[in-house]
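Letters A, B, C and D mark the chains in the order given here, with residues in each chain numbered from 1 onward.
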Amino acid sequence: MTSLESSRRHLASDNWSGVHPEVIAALAAVNTGHLPSYGHDDYTESILDRLKSVFGKDTEIFFVFTGTGANVLGLQSLTRPYNSVICSETAHIHTSECGAVEKHSGCKLLTVASSDGKIDRDGIAAHLHDFGNDHSVQPSVVSISQATEYGTVYTRDEVQAIAAFAHDHGLKLHMDGARLANAAAHLGLSLRDVSGDAGVDVLSFGGTKNGLIAAEAVVFFDSELGRDFKYRRMQGMQLASKMRFIAAQFDALFTNDLWLRSATHANRLATLLGERLSAVPGFRVTQKIQANEVFAFVPREHIASLQDDCFFHVWDEAASEARFVTSFDTTENDVNSFAAAAGRIAAGMNQNG
Amino acid sequence: MTSLESSRRHLASDNWSGVHPEVIAALAAVNTGHLPSYGHDDYTESILDRLKSVFGKDTEIFFVFTGTGANVLGLQSLTRPYNSVICSETAHIHTSECGAVEKHSGCKLLTVASSDGKIDRDGIAAHLHDFGNDHSVQPSVVSISQATEYGTVYTRDEVQAIAAFAHDHGLKLHMDGARLANAAAHLGLSLRDVSGDAGVDVLSFGGTKNGLIAAEAVVFFDSELGRDFKYRRMQGMQLASKMRFIAAQFDALFTNDLWLRSATHANRLATLLGERLSAVPGFRVTQKIQANEVFAFVPREHIASLQDDCFFHVWDEAASEARFVTSFDTTENDVNSFAAAAGRIAAGMNQNG
Amino acid sequence: MTSLESSRRHLASDNWSGVHPEVIAALAAVNTGHLPSYGHDDYTESILDRLKSVFGKDTEIFFVFTGTGANVLGLQSLTRPYNSVICSETAHIHTSECGAVEKHSGCKLLTVASSDGKIDRDGIAAHLHDFGNDHSVQPSVVSISQATEYGTVYTRDEVQAIAAFAHDHGLKLHMDGARLANAAAHLGLSLRDVSGDAGVDVLSFGGTKNGLIAAEAVVFFDSELGRDFKYRRMQGMQLASKMRFIAAQFDALFTNDLWLRSATHANRLATLLGERLSAVPGFRVTQKIQANEVFAFVPREHIASLQDDCFFHVWDEAASEARFVTSFDTTENDVNSFAAAAGRIAAGMNQNG
Amino acid sequence: MTSLESSRRHLASDNWSGVHPEVIAALAAVNTGHLPSYGHDDYTESILDRLKSVFGKDTEIFFVFTGTGANVLGLQSLTRPYNSVICSETAHIHTSECGAVEKHSGCKLLTVASSDGKIDRDGIAAHLHDFGNDHSVQPSVVSISQATEYGTVYTRDEVQAIAAFAHDHGLKLHMDGARLANAAAHLGLSLRDVSGDAGVDVLSFGGTKNGLIAAEAVVFFDSELGRDFKYRRMQGMQLASKMRFIAAQFDALFTNDLWLRSATHANRLATLLGERLSAVPGFRVTQKIQANEVFAFVPREHIASLQDDCFFHVWDEAASEARFVTSFDTTENDVNSFAAAAGRIAAGMNQNG
């Protein structure tokens, strides 16, 4: 497999990267003897306790495999089928999960237009009508992504404002935190500061995009909301039999603040990439760079040759807007090389010229 | 964590065991550079090709995380919500998946009484009525487990007979092969011999119970049946973003026939355990030992002290019937020690006497 | 249409009969001017109030179209998808609703064997295990049919015993009362006596089989349980826009105790039919006759010619057991004629001999 | 009941009206003797045949109770849970059915902005992307309303253009024809001309809003698409046991073209109302009047007093836009009286001045 032998990194996605070496080591470390399955082992319990020390000791926390699993099952816990979930039109749950929320919860998603991935009270308010009208789905949850799918980050105040508004209207606040680590790193706040302490009721806490293999956690800040989650998780096909190997990934993630080291690193390189691309004639950064993503206008005629060496996704074909994502293993050299290639192409030279 | 430091093995379940060291090594080996996510990488493609060389080159094969995921999504591909699935009353999909099939497919499960986990044409036939009657669910699938939840194994002829009967009545045959490796090892046949070549339409091929972390495959022997599976997998929360790490586990499983080495080993020790327990006064093996499970009557008063050192599950409280499961890492010493302890207890000595 | 011009009645089902003339008159009577739709009219409100005076003023009552609709949506109000519903293996929800409960609620039905349609505490108790085990569906409702699908009737004590047992274990009691009127008439008790006052939590109260066109009510004896039913009804496609025409049918049903007159009449003729058939050599009544159904062994060779004039359903082909159902419009002459025909046939004469 | 005794008519909705007297008569006419239930009677068969002579003899037609039932089950027949349905943002299935499509089919609705209720190829085309991408729901149906929720009517050419476009992209065309009669009457075309012959694959054909009690039909122009509809109808709680009383309503509807007489009448009065309101200072008709609905700006301060005598719904609170609906029983006097009241109020006189 040439592809495996190569050490080339790309800027396509934080799930194109492999996993952090400390995670592989953690898997090997827990591979000893027999342990009760399905999470009934002391080790898993101890890692859950460690997460509770992070998110709050009154939380209920559950491990699942995927971000979609975390989002769907978390939202299911907050809804009945006649409810609706209010989210950004750019939300992963709306655009990228193949209708999983609708299929599993029965709920309708009500979307709010957004140019930067964020939503606010006005956008949410537009969907707050027809309470009590049995012809209309009944809003019960607001879901926001932190960081957003555009790499932007809600401030703590912004989350608090949305939470207060949602709660005032009887709705819960769900946070898709697939990149929560990047958001917290950007804000210089703890994971709890930007989620539960800001009013989030249920959090999908992402590990996979931050260096794990396939490990996410659902955090209920009000433990009552998670009372029956274990049944939903099993029925929802998200219960690992050899749970210790999910727990071990989180063990690594919270050992010596790996989550923060990785997120800070990725964020820094995204910022660097943004600076470098801004300096290239004809390129234009289109979103604030606050996490580990860079959105930029790339002259259409340069895309294919640039992708050839270092792949990235075209986000908006019509606008010729591309998305670049950094991860724990992106290097300064990766960024500089790519920017240099962009510069050469922009200067009319061929890429290897 | 004492539990992790201990090297003690139990006879509780093949998912109490850890993972085969060759699997951890395989994960480390593929952890190089960036690769396209969601299975769009050459490496995953190559491993799927290797599985196709095992199951048939016209198959369609998909990786998922869990056996429940494989069963649910495979069955969904064969049903509409007004259909029913005929299975043994002992089937994992009926007893142990928290109603996942009903929730996700909408279908009713129709169960067949069974003393050894197996079902046959007569049992199936009893549910084949009311075709065309819109008040009645319409049977569309027979699902059998190979090996069964009682550790028994269908012969190839038995599978063929069920397949022919199902097909004659317009039904498809699904096989829950969480322990297919053990069944094939017992029969001395290839994985394909006992599944697709015997008439199975869709197979859940288990890896987790045979030494993987969390990796299963859904095999469509008629590729047309799997045409839209990729959407069901994503919507069903079973699509791994870093797919290479699922593929790598199967890479290990099919390297130097690890699947067969592990299954043969586990089967052999189950047989040994059966022999040893049969020799203990008051113990009685209650099912044929054909795979890696032993069911046995254990005098009620001995259970707790035996479990103390080496855990096993009581399967049928009322009958004082226990289940013992061996796995790739069970040793002869484990079996002999346990049998010796049973012998001592049966002889009225205390366990450490 | 010859069939319409004929005034022939059969013994096939109480839904083969037309509707009571007083019901047609009630429809005509409310067909005046415009009224708010979807039940927001004073007239519908007044009929609901009348039903509340029957079932209890703290009940919440909703009209729906069909018995299946009442059962499914009522059960949905008592369950989450990981729950199960315990019912008789003969229950309409299990045998005759094309898997509607599973499809809409996601729940598994757990059945209790029954020779007369009734279940009791022992049968229910057998399913009360694995509470808290996330691999197992969690029982949350017992559902009984009153009268049963075999025309038998639970005494008030029997209902109370089941209710107390269910409640003791944290389960709710649902009653499929498609023929509740017949049961109450048999017992000489009020509708409320045999449902809410006996411990039923949610009732499907049938009108259609007792002379209405298509009108059923869901009665929540604990109004809190019905708090969100209106959304489930709309989403469940059971909300009538011209609701007054459903209400009008119940108006007729409770005017001068039409429900009781019709049920008493039908019950009486079923008893008469049972007596007559018991007197025919070779015929044998197989179930207690307590409501408006007669189950009887009919010599196989006589079935076709008897059905020719007066249709009835063969219930159990293998046992040559037939089901006869009387309704509000069955006459003594219908019963006597049929019994006479049976007698002639049994005596070896041809039917018109 | 004052409300029942009153003969007052309103302009609130065509489901505030009662039912056409010919329909009540038809119900009485079929109320003779016993007939096979669930539609297995010759009479129902004969009415279905009559509808087939209207819509095409190769169609498959099924009766259901409600428009939501028709839409949901019709769409279910055209979709798998990972599909999406493209419709106007004003579509009844999106705004007024409490999320029924999502709950029952699992599908996501993708909406097209519309100022008059209609959509066109460009709006649809914007959702036709990501075919084959397993992260994205896969569009499989376009659903249009004829007449639309704004009382506008697609021309036959417009329907054909949408149908051709949908079919070219592998999608089916569903038509919500709750007011198809009004659309056909407006266009001077047959019901079939504006549906199946224009390319519609599945039609919800409305009866309730055109003078029936609760009776709709699902018409499959390609009978193969309706092959398994009978199971979906039963499981979907839309199967009437006393089916002849649904059939009888359609019997009346197609006797002496009642459907056309009623629709033409309602359309004519809507046009008259539009003319009258346009003449009132300060009032302004906001949508083309092509069926039986009038949308008009009504000065906010006049709304309450006008509603007092003749109720109508405010459609858009912010824009002070009201909706007026005529029906089979609306009279010229109703329209003139209302317009006169509006004129008096606009002239500054009190309403009874």
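Here is the rule we use: a contact is a pair of C-beta atoms (placed from the backbone, for glycine too) under 8 Å apart; a residue touches a chain by one contact, two chains touch by 3 or more.
All values derive from a computational prediction rather than experimental measurement.
*Asks:* Compute the centre of every chain as the mean of its C-alpha atoms, then state which one is farthest from the centre of chain A.
*Replies:* Farthest by centroid: C.
*Asks:* Go through A-C and A-B and name the pair with more C-beta contacts between its chains.
*Replies:* A-B
*Asks:* What's the distance between the Cα centroids of chain A and chain D, rounded to whole Å?
*Replies:* Distance between chain centres: 43 Å.
*Asks:* Taking each chain's centre as the mean position of its Cα atoms, how many Å separate chain A from chain C?
*Replies:* Each chain's C-alpha centroid was found; their separation is 52 Å.
*Asks:* Centroid of chain A to centroid of chain B, CA atoms only: how many Å?
*Replies:* 33
*Asks:* Which parts of chain D, given as residue numbers and ranges, touch two or more other chains?
*Replies:* Within chain D, residues 38, 81-82, 97-99, 103, 106, 134-135, 231, 234-235, 239 contact more than one other chain.
*Asks:* Of all residues in chain C, which touch chain D in the complex?
*Replies:* Touching chain D: residues 1-10, 12-13, 15-19, 21, 24, 27-38, 41-43, 46, 65-69, 72-73, 97-100, 103-104, 208-209, 213-214, 231, 234-242, 244-246, 311 of chain C.
*Asks:* In the complex formed with chain D, which residues of chain A make contact?
*Replies:* Where chain A meets chain D, its residues are 81-82, 84, 95-99, 102-103, 106-109, 134-137.
*Asks:* Which chain A residues qualify as touching chain C in the complex?
*Replies:* 38, 80-82, 106, 134-135, 138, 228, 230-235, 239
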